[in-house]
Structures are given as C-alpha cells and as structure tokens.
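Shared between the two complexes below is subunit A, which has subunit B as its partner in the first and subunit C in the second.
And now, the complex of A and B:
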C-alpha cells in the first residue's frame, strides 16, 4: 500500500519530463527560425562567430602571420605593430644618441684642447733621430681603414641627419641624388673596411694583449691630465682600448651590416630591425671614439702624426713612452728596422 | 575632404584573391611585386580568417617618418604616397611599416633593391594626374577620376571596403550589430590609433 503513491508520483514525474522534452524538441527549431540567428552546431556554439580576433591575437603575439599564396614569404606577415617602435627608435632616440655621442665628443675635445693645449714633447724626448714605428704595410692598412671609415661615417650619418641638415640647404632632388650615391658608397666601401679590419686584427693583435704596464698607465690617466706619461710596450693601454673598440665595434658593424646588405637572407623582419639598432648605435659610438683618436693623433699631440705618415717617430720620444718596445727592438726581437745598441740616449 | 581608409571585414573575406589580381591588372604591377595580398590566419583550423592587406595609409605613417630622403607625402584625402624620383631603395620603410606594404623590384643583393613600390590607394604619385609617366611609375590614378580603389570595387563579398573612414566604419558597425559578431577592423588600431566600437 505504501508503494502505490510512490508509483503514482513517479508516473507523474515521468509524464512531466516527457512533456518538457517534447516541448524542447519543437521549441528549438522554432526559435532558431524566428530569431534569424546563425545555424547552431550540435554543441550549441556558432562556428562562424567564433573566429580569431585581432585585438586578442595582438595581446598574445608581437606579430600576426598567416599563409599567403603569393611567392614573397615576407608578405605572410599581416601586422607588426613593433614597426612603430622601430619608427620611434629611428626618429626619436637615434638622432639624440648620435647627436650626444658625436657633438658631446667634439665638445669634450674642445674643452680638453683649451685646457691642456697641444701636448708637446719635452726637450729630453727630442733626439733628432728617427725610429720606424709602423711599417709601410701597417700604414697602408691603417689608411685604407681610415678612408673607408670616414666615407662610411659620413654616408652613414647622412641616413639619419641628412634630411634634417643637408636637405633644407640643397633641396629634395639634389639631396636624393647625393643620398643615392651615398648609399652605394656605404654598401660597397663596407667591403674594403671589413678587409682592413681583418688585416688590422692580424697585424696588431699580438701587441694589444693586456700586459703589466696597463694598470699603471690607466691609473695615471695616460699622462693626459698632467704628469708624465707612464711607460708602455709597443702600445699603451689607451691605444689598446682604441684597438679593441675598433675590433669589437667593427665586428658588430660588419655582422649587422652584412645582414642588412642581404635583406631577409639570414634573419627575419625582427632580426632586420635589431641589426639596425646594433649597427646605428655601434656606429655613432665608434664615430665618437674615432674623433678622439683623430684628435690625439694629429692636433692633440705634436709629432704623433709622423708615426702614420712617414712611419717614424723620434727615438728619444719612443724610449720615454714605449721603453719596453724599444728595448725589445734593440734586442732584435722584433721584425723590421731595429735600433742599434748605444743609439738610445740615456734618460 | 574625406579621410580615406581601407577596412577588411574578415568575416566576409572568402580568400578569392580577386583584390590582388584586380590591383595587379589595374596598375600593371611588375612581377614579384604585390601591392595587396590576402593573408589567411589559423589556416585549416577552427576560427580561420582571411584578411586582405595592403598599405593602410596610416595616420602619422611610420614609413614617412623613417625615410632618409623624405620621399613620402600625404594627400588632402590622407592617402600616403611617395616619389620614386626621390626614393633611394634603402628599405627602411619596410622595417617600419606595420603591414609589410612597401615592395622592392629586386631582392637580396648589395642593397640595390630599386625604387620602392606600394599601394597608392589608386591615387598615382606626385606627377600630373593620369599622365603616361604617372601610369608607368605608379599605375592608374582612379581617385583623380572620381573612382575608389579597384580592389575594394571588385570585392565580390564586399568584405574589402575603401572610402571615407567614417562611412566605412558605420557600414562595418551595422554589419556587426546585425550578425552579432565581428573579428575586428584589422589594422585600424595600429594604423589609425582608433578602433570601431560597436
């Protein structure tokens, strides 16, 4: 007797469920037809509406790329908002970085010149006898690199400052013609520069390894700020710093430059942008370093230019500044012209 | 003056590439150069979409900013054009362009890539309108004839729209409201620093 109401209740529930189910079966297509919405998949989702969304993709990815049916693979890149970052580097940061580096160095050199004047050899550094400092091949290679560097620096700076400084003076068309030639010069002179860099490394690396004189030389500031110039081997610590700046900077410029000469052959779009960042910043910093080198090698120090023109310096000067090198020469441990015994005046 | 823009409604694009072909034909674009192309995202996966992309004629265009010889200019309709007489083919504009629009006739040599070519919004170049020299360098100048770009005119599903930015944004807004979804106005935030709010 107790079972009967339970059975009745179950029957009622089953009927209600059936009615609901029947209603649902009829109601679903009805609502789909009247609402004019999209046909729904069995899962109830709308496959047409669930698509990739630009803003969501850009939150996850730096670049949007897909598939294209045209042959150029670069065109598979749909969108790269970091092009705006490249723009901001190129137009906002780079002119300032370059300007501060180059003009800053010129200002420092001017102040140094006004304060210190031209560094002249003391009477005891003059013997009147010459000693060969650089061989003809070393000088030739130096001037090959110097010529290339000046051409590359001027044409390189033209990419950044030309339109700001030169174009208003000579007009858009003349400036475009000049820039076209400047670009060709930049792209082709790069190769002898790289050759000179390689030769320079081979010629001078053995004389530019840090040695026991360098710490004392650096502590004394190389004698640039008063006092005597501390002794050194063939190259002092300042010259070594220059050598390694040129080698490291030159390698960075060469690698990033070759990447730019063969667009997309080695790297993708982001790599091309990074190559430009590296190339431009290295170039302006190295230009500033070379300005200091040009100053100290010509105007800043009397007699220094001779080392790279005739290849000779005064024996007494060499003995005062590079005693270890002169000693080594005297012992005949270096190739090329040597100083005979007794030719070096007592200091 | 209108502020001309492109808008690709990716939910309508069927990747037929008619816009690409129409552009090539209208302007006699040389081999290897594609002023417009269709990029398919998530190809073969759920949510796949194709977007027809060319120069978006940006506000504050990055190409014009980075150009070392200032060969770009913007017309009164905000169309970004350039002078092939001035271009030195350095390639900076390609690195700066968010949409990969600039193209070069030569690739992968000692930096002599030739003069850059890109979508002109069918508006030619700095030379006199509809002259032979303008056609040879930049293709047809449809805007000067009172016509809109060929790619958008040809679009069979009216996915690609060209015209005044306000007008095409309104059309897109109505479409999204009516069908209830939209994958976005591709490139608008990057190009124009604005989005179409629905």
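And now, the complex of A and C:
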C-alpha cells in the first residue's frame, strides 16, 4: 500500500524532468535566433543591422547594375525605376499631351477661321504684276521638307495612337502590317528630312535674324486680329518664329531620332529613354505648329500658297507687307531669289 | 506645281536610298547579341505580343525562341 504512492511520485518527477529537458533543448536556439527579430552574434550585437541593403543602394545610386559577359551590356542593369516612369509617360501622359497639342491647335484654328474668316488682300494690294518671292530651289526644298514632315507626322502618331484608334477599326493583323511599313517609312524618310532641314537653314537663316520690324509686328499681332499687317523685311516675325521652331525642333528630332535608330550605340538605357521623351514631345508640339502654318499658308490667307507653288506674289502685296525687302531687291542688294527674266521689277 | 512634284520625288528617291543603306549600317539584335555558346532567336516582326501590350509574346511558328535570358527588357 505504501509502495504505490512512491512509484507514482517517481514517475511524476521523471515526467517533469523530461518535459523540462525537451523545453530547454528546443527553446534555447529559438530564443537565440529570434530575439528582437534580428540575428545576433554571441556578443548580442546584430552584425548586419547597418549593412547596405537593396533599398539603400537604389536611393544612393538611382539604379542597380552589375557586370555581364554576354554581348548585350544593357543586361547588366538589374533595377532601373526610371523605366516605370518612362512607361507611364509613354502609355498615359504622351497620348494626352499629343491629343491636347494637336486637337487643341485644330480647335483654335477652327475658332479663328469662324471668327476672322479668310484673310484677303485689300484692293491696294493688287497690282496684277508679279515679283519673285521664292526661287525654284527654295520651293523644291520646302516641298521636300513638307512631304517628309507629313509622312513622319502620320507614321509617328501611329506609334502613339495606332493601337488605340486604328487597330480597333482595321484589326490586329492589318494594323501589324501597316505599322511595319509605317516604321520603315518613318526611319527612311527621316534622312531627306534632315537634308531638307540643313538646306533650309542655309537658304533662309540670313533672312530670319531678328530685326527692327519684328517688335512692331508682334505688338500688332501680325494684323491677324484686324487692322493692317505691319511691314517687314523678307520674312515677318511670325515667319521667323516658324523658321526657328522648325530649325530647333528639327535638330532635336534629328538628334534624338538618330540615337533611336542606333539603339545603345551612342547612349545608355537612360539616354535612350531621354531621347524618346525629347523626340515625342518635340514631335507633337512641332506638329501643332506646322498645322497652324499649313492653315495660314492655304485656307487662312488667300493667295499665300501661290508664293510657294509658282514662286511669285503680287508686286503691290509685296510692297505693302515686305517693303524693306522689295526696296533691297529693287536696289539689287538681295542675294538669292531676284526678279528674273520676264518678271516685273518692284518699283 | 513642278517644284511640288519635284520635292515629293526627291524626298521619295532619297528615302529609297536611305532604305537601301540604313539596314547595312544596323545589325539586328538577335544577331548582335548571339555568341558562340548562346544563340538568340529571331523574334520576327511582332515584338509587342498578340495583344500589343508587350506581355506574353508568342514566337512566330517555325522560329526559334531565345535560348538565353538575353531577350529580357529592363524598361
């Protein structure tokens, strides 16, 4: 009767000791590893607490890159957060920027046309006699540039709006074929565009340097909003603004375009993205500017397109709008287009 | 009008010349990035995938796919 309680007590003691041993075996390494959520050395300090982690590297370096032995060095780029900014620009912002620029300009021109109507020469600006305004070479170069620009604009806008507007209409297969040919046209017609840009600069830069007539022309709004058009030299301030817009915009498009034609040959990944920012924004802004030029050179002003097709304008019109140029021409000081055989000299 | 047509003609002629010369100055990626041990497949013409989203590209039938990870993009 006495032995049973002793045995029970011994068994209880043994069970308690075993439980304590098991707890000690498992609990000690756990507490050593997870104290405070950080690994600790035997001395209690955390050796990696102040080490550089990925987030810190990105903050310091702006991007993470390594080294590769494959021929494509761009693969060394591990993380480049600017890529997400670029994608956001290309897929979200650019369509809006382009749409506002192009459709906004069309809307402005429509309102202007409805308000102002077609600008016509006054009776005193008609003499029936013609003077040479643009030489054949100047006109040829202008139309070469115009052809290139229209092709570049249409095929360039296809990059941004094609999949949104055109593909739902013609289907994915037809859109793929069209886009492939549009890409070829864009890349190939860019070269005569650059040549025409260079020739245009050489031909017209001397006549597009700001002069004493420009401020008055700008103050009067070029006569577009009523009143007489102020006098000017060969080109008025509006034409000069157009010229420099085309030259500066054309250079930006050419440089960024060549960078994109030869990917990574001249710049790195970030440079490629910057080139596309510059190319896209310049293109849509210049397209809006050229729309205004096309309007005022055709529908907006009667007889304006004749200067660039036949090369001549009415002598009285030329004397009213470009008196200094006509006077220089009369004195034989004009270099470039002059009154040729069979033409009536301005007097 | 002759200068208008002339401008168009010159632009087209120069574009054709550029179309002849430019591909000779460029090298396609699948050729430029191949090595003796890594062959990069010709991706064909549709580089943006069947949904034009850049996701889930499907190689054209009969074309080899990229045999390395060199076709990945970091943009």
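Quick notes on this one:
Assume the second predicted complex is superposed on the first by the 281 of 347 C-alpha atoms of A that agree within 3 Å, B and C clash if a C-alpha of one lies under 4 Å from a C-alpha of the other, contacts with A are read in each partner's own complex, and residues count from 1 in each chain.
Keep in mind that, in the parts below, contacts are C-beta pairs under 8 Å (C-beta built on N, C-alpha and C of every residue); 3 or more make two chains touch, one makes a residue touch a chain.
The structure presented is a predicted model; accordingly, all values stated were derived computationally and were not measured.
With subunit A as the common reference, the superposed partners subunit B and subunit C clash.
In the superposition on chain A, A:143 makes contact with subunit C only, while subunit B stays out of contact range.
Within the superposed three-chain model, A:158 lies in touch with subunit B and out of touch with subunit C [touch as defined at top]. By the touch criterion defined above, A:116 reaches neither subunit B nor subunit C. In the superposition on chain A, contact of A:273 is made with both subunit B and subunit C. In the overlay built on the shared chain, the residue A:57 is in contact with subunit B alone; subunit C does not reach it.
Comparing subunit B with subunit C, more residues of subunit A are touched by B.
Of the two partner chains placed by the overlay, only subunit B lies in contact with A:67; subunit C stays clear of it.
Of the two partner chains placed by the overlay, neither subunit B nor subunit C lies in contact with A:219. When the two complexes are overlaid on their common chain A, residue A:172 makes contact with subunit B and with subunit C alike. In the superposed model, A:185 lies in contact with subunit C only, and not with subunit B.
In the superposition on chain A, the residues of subunit A contacting both subunit B and subunit C are 70-72, 74-75, 77, 80, 83, 86-87, 163, 167, 172, 176, 180, 184, 187-188, 261-262, 269, 273. Those residues of subunit B that touch subunit A in the complex are listed here as 10-11, 17, 20, 32, 34, 37-43, 46-51, 53, 62, 65-71, 85-92, 94-100, 103, 107-113, 179-181, 183-187, 189-190, 195.
The touching residues of subunit A, counted against subunit C in their complex, run 70-72, 74-75, 77, 80, 83, 86-87, 136, 139-148, 151, 163, 167, 172, 176, 180, 184-185, 187-192, 195-196, 261-262, 269, 273, 309, 311. The residues of subunit A lying in touch with subunit B in their complex are 37-38, 46-55, 57-58, 64-72, 74-84, 86-87, 90-91, 158-160, 162-163, 167, 172-173, 175-176, 179-180, 183-184, 186-188, 260-265, 269, 272-273, 276. Against subunit A, in their complex, subunit C makes its touches with residues 1, 3-4, 6-8, 10-12, 14-19, 22, 25-26, 29, 32-35, 38, 45-46, 50, 52, 68-70, 72, 74-75.
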